[in-house]
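What follows is a single structure, and I will ask about it in a moment.
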Amino acid sequence: MDFGLSPELAELERRIHDFVAREIVPLEDDPRQDAHGPSRELCLELQRRGKEAGLWSLHAPRQYGGLGLSHVERAIVFEAAGYSLLGPIALNCMPGEGDHHMLEMIATPEQKDRWLKPLLDGALKSTFAVTEPDNGAGADPTQVMTTARPDGEDFLVSGRKWLITGYREAAFHIVMAQTEDAAGARLGATMFVVDAGAPGLREIRRMDMLDDMFPGGHSEIELENVRVTRDRILGEIGRGFRYAQVRLCPARLTHCMRWLGAARRCHDIAVKYARWRRAFGKPIGEHEGVSFMLADNQMDLHHCRLAVRHACWLLDQGEEAREESSMCKVYCSEKLAQVVDRSLQVLGGIGSSNDTAIARIYRNIRAFRLYDGPSEVHRYALGRAILKG
Amino acid sequence: MDFGLSPELAELERRIHDFVAREIVPLEDDPRQDAHGPSRELCLELQRRGKEAGLWSLHAPRQYGGLGLSHVERAIVFEAAGYSLLGPIALNCMPGEGDHHMLEMIATPEQKDRWLKPLLDGALKSTFAVTEPDNGAGADPTQVMTTARPDGEDFLVSGRKWLITGYREAAFHIVMAQTEDAAGARLGATMFVVDAGAPGLREIRRMDMLDDMFPGGHSEIELENVRVTRDRILGEIGRGFRYAQVRLCPARLTHCMRWLGAARRCHDIAVKYARWRRAFGKPIGEHEGVSFMLADNQMDLHHCRLAVRHACWLLDQGEEAREESSMCKVYCSEKLAQVVDRSLQVLGGIGSSNDTAIARIYRNIRAFRLYDGPSEVHRYALGRAILKG
Amino acid sequence: MDFGLSPELAELERRIHDFVAREIVPLEDDPRQDAHGPSRELCLELQRRGKEAGLWSLHAPRQYGGLGLSHVERAIVFEAAGYSLLGPIALNCMPGEGDHHMLEMIATPEQKDRWLKPLLDGALKSTFAVTEPDNGAGADPTQVMTTARPDGEDFLVSGRKWLITGYREAAFHIVMAQTEDAAGARLGATMFVVDAGAPGLREIRRMDMLDDMFPGGHSEIELENVRVTRDRILGEIGRGFRYAQVRLCPARLTHCMRWLGAARRCHDIAVKYARWRRAFGKPIGEHEGVSFMLADNQMDLHHCRLAVRHACWLLDQGEEAREESSMCKVYCSEKLAQVVDRSLQVLGGIGSSNDTAIARIYRNIRAFRLYDGPSEVHRYALGRAILKG
Amino acid sequence: MDFGLSPELAELERRIHDFVAREIVPLEDDPRQDAHGPSRELCLELQRRGKEAGLWSLHAPRQYGGLGLSHVERAIVFEAAGYSLLGPIALNCMPGEGDHHMLEMIATPEQKDRWLKPLLDGALKSTFAVTEPDNGAGADPTQVMTTARPDGEDFLVSGRKWLITGYREAAFHIVMAQTEDAAGARLGATMFVVDAGAPGLREIRRMDMLDDMFPGGHSEIELENVRVTRDRILGEIGRGFRYAQVRLCPARLTHCMRWLGAARRCHDIAVKYARWRRAFGKPIGEHEGVSFMLADNQMDLHHCRLAVRHACWLLDQGEEAREESSMCKVYCSEKLAQVVDRSLQVLGGIGSSNDTAIARIYRNIRAFRLYDGPSEVHRYALGRAILKG
């Protein structure tokens, strides 16, 4: 058993931490951001800085210019990046990192050249379009109502999707749809690549959300007989949910990593504040009412970090780690949100202002308990697995 | 012992509830709102509707056109108003209701005519300016650094304040300052009324906050030798903190009342959603993972309501109820926030959007655990009182 | 609305409190107790003291020598009695108080003379035998497997029961059984009175339990064709579960009352200890890590008390109060156990010794979250009711 | 990074698990146990079985016949042993294991032969006597009131100690005392070895406790001028608290390991029960109200295990790991107790009986949050370390 980092990885972590502190944190107050996230211009500046620092797309396979990071290595790198909400954009590990992984796993060589390479270069962005309004796909993805019906060699995809993150910034969309054959028989769900601007595809609205960190925000969209050719099918027809799992297990963990960094940031701010701010005759950090919150923060950060690294290690061993990644997701999304909440509480009134990074992280981390499966769905799945034994 | 409402009060509650549902809730999507709260125009429309419905300033003394509501009656009325974040504005019970109460308790008849009457009419707005930057007044109000130094018959007030709610909308400000006599001896804290536009008073900035429900938002301001005449002193010199307590005990409770209404709103939305939304083969409300959250919501709402009404009843008996109002504040600010959080969780991804009222309430209720004393300060005070016995 | 106590009730509360402190608390170390509760002799001494103090069976109807206490009055009286685990025995409000209430509601006049009167006099004890081994009745009482089959005019009752509290001390047992008619058709569950010593009734074993406060402990028993005559049926055939509800709603509340008293006892011990015990340079009560626990205790005690009294008031108004009594049971069983747990924690190592009353209360209160419906069953029922609307 | 076990260690774990299941679990109902723990005879039988299985004192250094287990290896071995409360006795890893470690670290070769060797052989038992009544040593060990005054070459030790675990079974006691020189100057605390039966040493009483797993129970004792010769001093005079830390960091972790095993046991029982027991139409494990508890159990067990192993690994690297062992202690003592509590709750009423191992574990694990520093002391220390930075 070995919990240590190699000197190279420790050095990489330090480099990223310095980069984020020096180059990215100051951009957090950049006005090129609104309720729908950082603007395209700001994202390009982040990309430029990441590339200049030699930190862009480190997770990419070596043939695409990355370091081919293992999952454990990602745990270190992405946590360091997450210290600022803008950090992962500068390293190209959010948004889209889940799509990168999935394409790497299931796309054909041609598809990789066409879509994965430019994603990793930063030339393109993608979306992963599963969630639907009207009692369609959500916590239970099998409720997908969007359909794909054959039309000659092609498919016509129709339906509605919402909570589609980064829609306006994306060059293409990976759309999950229930697929039928010519006779109307159900073949299962399939993932189709739909280009931005495809005839029949339109944005119904951009949604107003609690979170504001994702470039492009979130959209509700409609597909009306959007034609998709065979070469735009990812993997095999009917295996869409299975591929989604391929994407989701590691994607859940990368969320945990980035939020770990963000929660650590809040904790650091709270510690600094607790040393300085005085009340009732001494620094508030000398009040146990405050110092116990800091102790709990440190414990939660520590245990989340161990859980993430362990699950990553399992993935690196070739295991599916479904239960471990579910446990990690539940635990991190709940505990890290508490770390952020306590940090805000330590700052008192000023904690709910944008004078520090905490308030924004507070708003944004709330959604982490919802996306990639709300806690309840993971507990449901874990419970069933336990009962089955 | 009697937990019942009089028929008149029950009828009033019903009327307010209907008014809020029919007239106010539809205004929640009104575009005349931004990150710094509803605009002056929207507030005036809310005021107009409240007055037309005969529900404006019900808590005002009868000589000022109100019903002279007891504290228990306020508990019923303000909860009903709070069902929409805009409801209390339409009933004139937020913001400013704490100032109304304090002025009623400590102002001279002349001062009441000058300031209380127009506040209750809706002609003016006020702020309560205590909190300060730079290790000044906050959770520990005795740390006030703003000073008032005599200059002939007048005082010159100097200092900085922040988190001053509604500054831009207010016609006057109640400013807490450490007061000295001509010899520089400390006389204690005093409350001074400073008019908007007074020479030496200026806004440094408007603050960006997690909450967005208070008209005018929150400002950081500076006072530089602002001249205040004797007739603008509230109560006696040096008794400012004591008056603040007069204001705070009931003010804490009225926050609890309004947030009780808002939390109930979220719960109602969650219940409706849980009946409709399906996952894994049945309405999500039939999953215990969801229905247990709803049960916990109902319990918390019920117990918070009992606690509020009990503390109000004590105030109505002429008791100070300091411990009870502290307990109420801690309990309601923590439990009602959980009700809102669970409601959001029930809705899943869409809960973090502005498609329902929940996400906005979620953001705004966070500050409730901070203002009027964070939980830690109340627990600290309660603990000391328990130890003293 | 009125949260006040009448002077008479306040005086009665004071009297009971004094009685328990002076006469009962010293008996807590009496050696006539073991893992199966206080012995018969000790119970008789408690009964004698309660009678001499004029505090025996206060809840009994006036025609049976009691005060005919309302539910709200019971809330005050039983909490005061519960300050010692032995107090309720001295006031005859535990065990058996649930049976008293049920018999008063559903027994015929003859049955009341035969069973209720001596129970209230202290001449007899009863058990309420519902719970069963082998996937029989438990959290879901409808799973009763014990049967009652007609045999001429009589019934023959057969089955197994366990967790039967006070079996060895009881003169008769109220046994729930699935009832059939002569043709074998199911008539529903019925309650039968079975005398101690009835042929076919035997104790399989006395069970070793976490709790040790109930006289006689808990037994597993067997009934084999126990003959029951018609006059021993309580209420109508087939309505057993409905009567059980009649018993359970108030019975749940009286558990809450008594445990409220016991939890208050623990809190009082913890407060006293926190004033005396020193660590790290000052009394531990001056450490917020301790004083916050005491503040939380006080809040939980206060809110539980309000909840109990409110539910009682509803019962006094003639309402069924099923949801309120469920909420009360969940809330009190969870929160009061936390009060006890925190009190133990305040005392540190010595808290887990029998040097104070806390450790014993800690052991005993655990079962409160299980009997009369575990929290999960109440949340399940509450959730269903909420969904139904 | 490597979270894997070597094949040898995995095999050892399996062997211990089998041994405990086959040889030790059946002894749990052995009548040779009472409120003060398993009797000497039962302990000897456990020792015999452990030796026959080749599992006795595996943690001992190789020169004393053990495997010289690293801390990480202990984590695996002790968790497996802890699956039964009697398991650690059979492996000689409780009680006394903390003393073994401390003696190994600080005793002279002669002292090791005299005391450590027979402890590891199972010929002798020891106690660690620090805690005192009367506002003496406890959570704050520096409050030691027991004194050691020089008398010629010897010391005379006087004072009172309580909560001394295993006093009646021990051949010698390691007594912490404030040491003075001949002039009465304070030299700091020192650890003295006092033999059972030494003149001046006596037991005041055996204490009644919530826990019942430690052989010999817990005693209150008195030392009155107990003569101790120089060769009976452990380490240097005045460094007692420092040595106690040497003992406490790993000792805390070994408690975590054993309780991890015990909590896992409870979880396993609950899972099995949840599969079998039916309520409301299906196995209770298919109710999310139950399965979510099982999911939380699994998460807590998993994260506690990771935390323990990580802290052990740090110790194995030669680090002091004070913060990590504190975090581990707080986290495990709180979370594992919740695992046990939830397991009990899953079983309902029968969970509070001794029909399964849960109730006993429930009672015993409560003290884990108290000994080796209550949670509050660890949070206090962690908070101070965080503030200091």
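Each chain carries a letter (A, B, C and D) given by its place in the written order, and its residues are counted from 1.
Everything that follows uses one rule, which is that contacts are C-beta pairs under 8 Å (C-beta built on N, C-alpha and C of every residue); 3 or more make two chains touch, one makes a residue touch a chain.
Values in this document were obtained by computation on a predicted structure and should not be read as measured data.
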item: Chain at maximum distance from chain D, centres defined as averaged CA atoms; value: B
item: Interface composition of copies chain A and chain B: same or different, split at half; value: same
item: Between the pairs B-D and A-D, the one where more C-beta pairs touch; value: A-D
item: Cα-centroid distance, chain B relative to chain D, in whole angstrom; value: 52
item: Between chain B and chain A, distance of the C-alpha-averaged centres to the nearest whole Å; value: 37
item: Chain centre separation in whole Å, for chain D relative to chain A (CA means); value: 43
item: Numbers and ranges of chain A residues touching at least 2 other chains; value: 287-290, 292, 376, 379-380
item: Contact footprint of chain B on chain D as seen in their complex; value: 287-289, 292
item: Sites on chain B touched by chain A in the complex; value: 131, 135, 138-140, 143, 162-163, 207-211, 218, 276-280, 284, 287, 289-290, 344-345, 348-355, 359, 362-363, 366-367, 369-371, 374-377, 379-380
item: Residue ranges of chain C in contact with chain B within the complex; value: 1-5, 72, 271, 274-275, 283, 285-286, 288, 290-292, 294-296, 298-299, 302-303, 306-307, 309-310, 313-314, 317, 323-324, 327, 330-331, 376, 378-380, 382-384, 386-387, 389
